[in-house]
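Each chain gets a letter, A, B, C and D, in the order it is written, and its residues are counted from 1.
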Amino acid sequence: MSELTLERGLAAFRAEVDGPVAAFFSSCVHCGICAQACPFYLETGDAKYTPILKLEPLRRVWENDFTLWGKIKGMIGLQQKVTDAMLAEWEELLYDSCSMCGRCSMVCPVGNDLALMIRKSREGMVQAGHAPEGLIAASVRAIQTGSPMGLQWKTLAVQIQHVETSSGLKVPVDQPGADYLVLLSSMEIINFPEYLEAITKIFDHAGVTWTLSTECFEATNAGIQIGNKDIAAQLVERVVAAAEALKVPKVISPECGHAFTAIRWEGPNLIGRPYPFKVFHIIEVLDELRASGRIKTEGMETDRLSMHDPCNLARKSGVIQQQRNLMNLVAENFVELKEHGKFQWCCGAGGGVSSNERAEPLKMAAFKRKKAQIEEVNPERMVTMCATCRTQLEEGLEEFNMEIPVVGLTEMIAEHLVEKN
Amino acid sequence: MSLLDQIPVVVETGSAVPEGDPQSHGNADPVLHEVRHALSRLIATGETTKIDLKAMPFGPGDLERLLSVLGTGEVQASIDALGPTRVQETAIPGVWLVDYLNSEANRLALHLEIATVPEILCPQPQDLDDAIAALDARLNPGRSDPPLAS
Amino acid sequence: MAARNPTDKTLGESLRERGVSRRGFLKFCAATASMMALPPSMAPAIAAALEKAKRPSVIWLSFQECTGCTESLTRSHAPTLEDLILDVISLDYHHTLQAAAGDAAEHAREQAMAANPGEYLVIVDGSIPGPDSNPGYSTVAGHSNYAMLMETVENAAAVIAVGTCATFGGLPGANPNPTGAMSVMDLVKDKPVINVSGCPPIPMVITGVIAHYLTFGRLPELDAYNRPMAFFGQSIHDRCYRRPFYDKGLFAKTFDDEGARLGWCLYELGCKGPTTYNACATMRWNDGTSWPVEAGHPCLGCSEPRFWDAGGFYNTVSVPTSASGVDVLAAGAAGAVVGGAVAALAKKQTKTAVAHRQPVTVEELEAKL
Amino acid sequence: MSGSMEFLLWTKGPMFNIAIAIFAIGLLVRIAEIFVLGRKKNFAEARAGEWGPGFRTMLTRTVADPGTFQRAPFNVVVGWVWHIGFLIALLLFLPHIALIESLTGLSWPALPNPVISLVTSVTLVALIATLVHRMTHPVKKRISTVEDYVVWAVVFAVVLTGWLAYYRLVNPYPLVLGMHILSAEIMLILLPFTKLTHIFTTFIARWYNGAAFGRKGVQS
């Protein structure tokens, strides 16, 4: 059987070099501003977590193989080679200490999209056999069982039953021709089953036709997190097959950040063709229903609420105003974190960090940035719309003994629906 | 030839020479300040100063401005040695203009001298040494050996 | 110009003999100080030194030159200070000025050399075809310039190179230098060489250098090009009366615009004053009447090496001497060609890279667990 | 015979031609390398166009976002000061404009020389500050390479010699002017092969960044 080697890794790095990568590396002046945008550097103070430094393997491949100067350097023996040992050292930098939150991409003075290059670098790392064990395991489970957590339909079926019992509503499954195919994430199914009940209620309230698919219920994409387009493409194909089988025009990605960017932005490119359907995040759908007057709410939350924008949703997908519209619908004492929207700070758990057990200490260190932000406005509860962020906020706040509950925005909307007569 | 074309020449027709307010280039003022310092040294210690106006980077109008500021005083003197030398007191006591000319009235040097009396007006020490002898020679044109100067 | 014994009398004596009084001598010294760019307070010291100075013998050699330097020296109105100085030196041989011709003239030169070994001054104007050039380019009395120079300087006290041809090669040495012209200091290595550059040099500077030699009996302080610091120590720009306009950013753009009429700085018209070291700005020309910048023309930089090859006279100092927009375009075109070739190679590499990329299978991943 | 004037003429003549040729060829190679690599077709449905946001980011990245400014004020301000100072001295000093005009035929009004000299002095101080920062700040120290220090030295040499030449602090003047021109030529030669390329490629990089975020509906 073939195996993952340095040569395959270098080939994968090479395959990732394109115009933007060349422009970015040509432009870097080593100003170090990207470090000021990275929670992993800021909260550890360790300069090795400077974002541009994490990209050194990709930079070397670019310089050595794609520039005239690099070739001249090669002739006089000045090339800096990428070695297996180097990649082993960089594994921590490219996985454990980066949530691909993209904040560095927003502040780089010369305009380098560093997060994009981290994503590209991971392609090489996987092929060279230098991906973290936790992410490899999740990827294998996702391919083999359909869920990165090894969750199966029968578990979901139990949850569906619970939801139907408690809400008295039917959860539609495999309904061809529905408006929306709803995807879920394993984490929601296990940790936040209230999400399924909430959308069941809201869609019933708004008169939206929707369905789950027994073929594919999982929205998350371990291939994106580990950084391998072969695995990622297989997972996307499952969603596309399910949506095409049920002939739905729209697919809803759940309260999960990376699942949305995976299916919304990377998916079509992974499979090499446009979708025959449109993809939305649940928050986009809810705001559209609100705007068209199909969601009627009553009562307001009166306690002081603040909100965490998931990186993948806000900065990396442009969903920023929608969640604010929804907050204003049901909360009268909503206070923004100081830096929010496209300049929000990552919770520290994204980009596969939360699936990478050994990164736990770094994950908690990075959270301190969020914690400081929360302390600044001192809310009574936090609202968010990503299961990974929510878990991280809950664990983090508990770790620092802060009594601030975290709620999902969708559930909060569901709680304020006007009761049907 | 193409380089010649690059020489910027603009032919104007019928334009008058601009109003000729003679320009001063501001180079007189530093010299006037130097004169002021020299005057205070003269008053305090008796030290005299000579300023070589020919060595100054004067533009058109600068010398005129300098001289008009200094003005014309009461004393004028002329020395006839190796062509004329004209000494003119300025309106500032102690500041003299000494103009060294050759026999064809071309200027050899032009000095401002800050002194009670310009050096060139004073008899030269060696000439003073010979003065009595010279006078005696005129008193006794017949005598060949000069008397002792006692 | 018959050979006298030049070392008999001191300068003071010979001036006194000509009826110059002590007051007149003081005046002479004041003017000499001014000429030597020394402060007026130096006049008494100059007087004391000149009293005792001996009249030196001078041999003036003219090689590949235009006689402009000699013209410069002799076109001053008589009797000037320069004349006085020249009269008190013993100019024993001058190609252009001497009345003698042929063997008699050459004899005068040889006699002066024999009478004052190690003491006579040699003044040279004009450049010299080098030892490797065809000697026929310039000869005097059948001697090549090179041979005559080397023979004459052999027992000289010092050599004064007058004019840019003698100091730096000048016009004969300009590209492509057909005669292989060289300067005096290129050829004379074992004698002191004083360079009085300029095309032509300011006459007072020529005599000033001689006066300095007479006054102090030694060579003046020289700059890196062996030019007397007293006259070449400051640039035209530093002593220019138009300098305030440079500092204020007021420039004439053409020869007859408002700025030109108002006497603004000529930098943009190609003035080489910033890179040129000479005394024009203070000593001026034509008995102190004016000088090029005052007349409204930029300095050509004639007292600097290779000034003929330093780009156009009307090009700003900062402009390169040869490159033009066409050259940049040519380089750009070459860049586009090379760039295209490199790019094509890169494109091929990318395709190869993508082709070489091997898909990852779940089995491969599992093997890592 | 080789003195300061010969040196100056060498920098203004043959060396200038060599420098400008290497610069032009090297830079075009660099830019061709970027554009030929290009981007793959993007199949994901865009929220907005790429051109508008791309061009906007090309400009807006010049100014740091408020948060970054608060966290790294020294880095941002000093970087700004010396970049602007360098550009003013480069583009608005009369001798430089004359040079550009001789090469391109384009010219514009210059700033008065005392303004340029003041700006240059400030630039020098700011450049020294960037060096101290690079050698002391843990991040900058960690990510700095030999190239960073070489490029700093060259840029500093260009500004310093220009400043020395303006004040005519080195004698003879042709020597310091020649050193200024030579250091500028070294900078031109190094430009396509070092991070100095960012002078040109940063606008390409910013456009790619703005376009990538812009099509997802975020003005980066």
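FYI, a contact is a pair of C-beta atoms (placed from the backbone, for glycine too) under 8 Å apart; a residue touches a chain by one contact, two chains touch by 3 or more.
If you're wondering where the values come from, they're calculated on a predicted model, not measured in any experiment.
Novice: Which chains end up grouped together through touches if subunit C is skipped?
Specialist: A, D | B
Novice: Does C-D or A-C have the larger number of C-beta pairs in contact?
Specialist: C-D
Novice: Taking mean CA positions as centres, which chain lies farthest from subunit C?
Specialist: Farthest chain from subunit C, going by C-alpha centroids: A.
Novice: Measuring from CA centroids, which chain ends up nearest the centre of the complete protein set?
Specialist: The most central chain, going by mean C-alpha position, is D.
Novice: Please compute the C-alpha centroid of subunit B, do the same for subunit D, then give the distance between them in whole Å.
Specialist: Roughly 55 Å, centre to centre.
Novice: Quick one: report the Å distance separating subunit C from subunit D, using the average Cα coordinate of each chain.
Specialist: Computed value for the inter-centroid distance: 39 Å.
Novice: Could you please state the distance in Å, as a whole number, between where the Cα atoms of subunit A are centred and where those of subunit C are centred?
Specialist: 76
Novice: Report, in whole Å, the distance between the mean C-alpha point of subunit B and the mean C-alpha point of subunit C.
Specialist: A distance of 31 Å separates the two centres.
Novice: For subunit A, write out the residues touching at least two other chains, lowest number first.
Specialist: Each of 17-18, 66, 68 in subunit A touches at least two other chains.
Novice: Any chance you could list the residues of subunit D touching two or more other chains?
Specialist: Residues 26, 29-30, 33, 35-37 of subunit D touch two or more partner chains.
Novice: If a residue has to touch 2 or more other chains to count, which residues of subunit C qualify?
Specialist: Within subunit C, residues 315, 342, 346, 350 contact more than one other chain.
Novice: Applying that definition of touch, give me each pair of chains that meets it.
Specialist: Result for touching pairs of chains: A-C, A-D, B-C, C-D.
Novice: Within the complex, which stretch of subunit C touches subunit B?
Specialist: 20-28, 30-31, 33-34, 37, 39-41, 43, 77-81, 239-244, 253-258, 261-263, 269, 281-283, 287-288, 294, 312, 314-315
Novice: Subunit A touches which residues of subunit D in the complex?
Specialist: 26, 29-30, 33-40, 42-45, 47, 57-58, 61-62, 64-65, 67-68, 71-72, 75-76, 79, 134, 137-145, 148, 192-193, 195, 197-198, 201-202, 204-210, 212-213, 216-220
Novice: Which of the residues in subunit C come into contact with subunit D in the complex?
Specialist: Per the touch definition, subunit C meets subunit D at residues 168, 183, 185-186, 223-225, 235, 237-238, 246-249, 251, 267-268, 274-275, 277, 304-306, 309-311, 315-325, 327-328, 331-332, 334-336, 338-340, 342-344, 346-347, 350.
Novice: Over in the complex, which subunit A residues touch subunit D? Could you list them?
Specialist: Residues in contact with subunit D: 17-24, 26-33, 35-37, 41-42, 45, 47-48, 50, 52-53, 66-69, 105-113, 116, 264-269, 272-275, 278-279, 314-320, 339, 342-343.
Novice: Which stretch or stretches of subunit A touch subunit C in the complex?
Specialist: Residue positions touching the partner: 1-4, 8, 11-12, 14-15, 17-18, 65-66, 68, 126-127, 129, 131, 133, 136-137, 139-140, 143-144, 228, 230-231.
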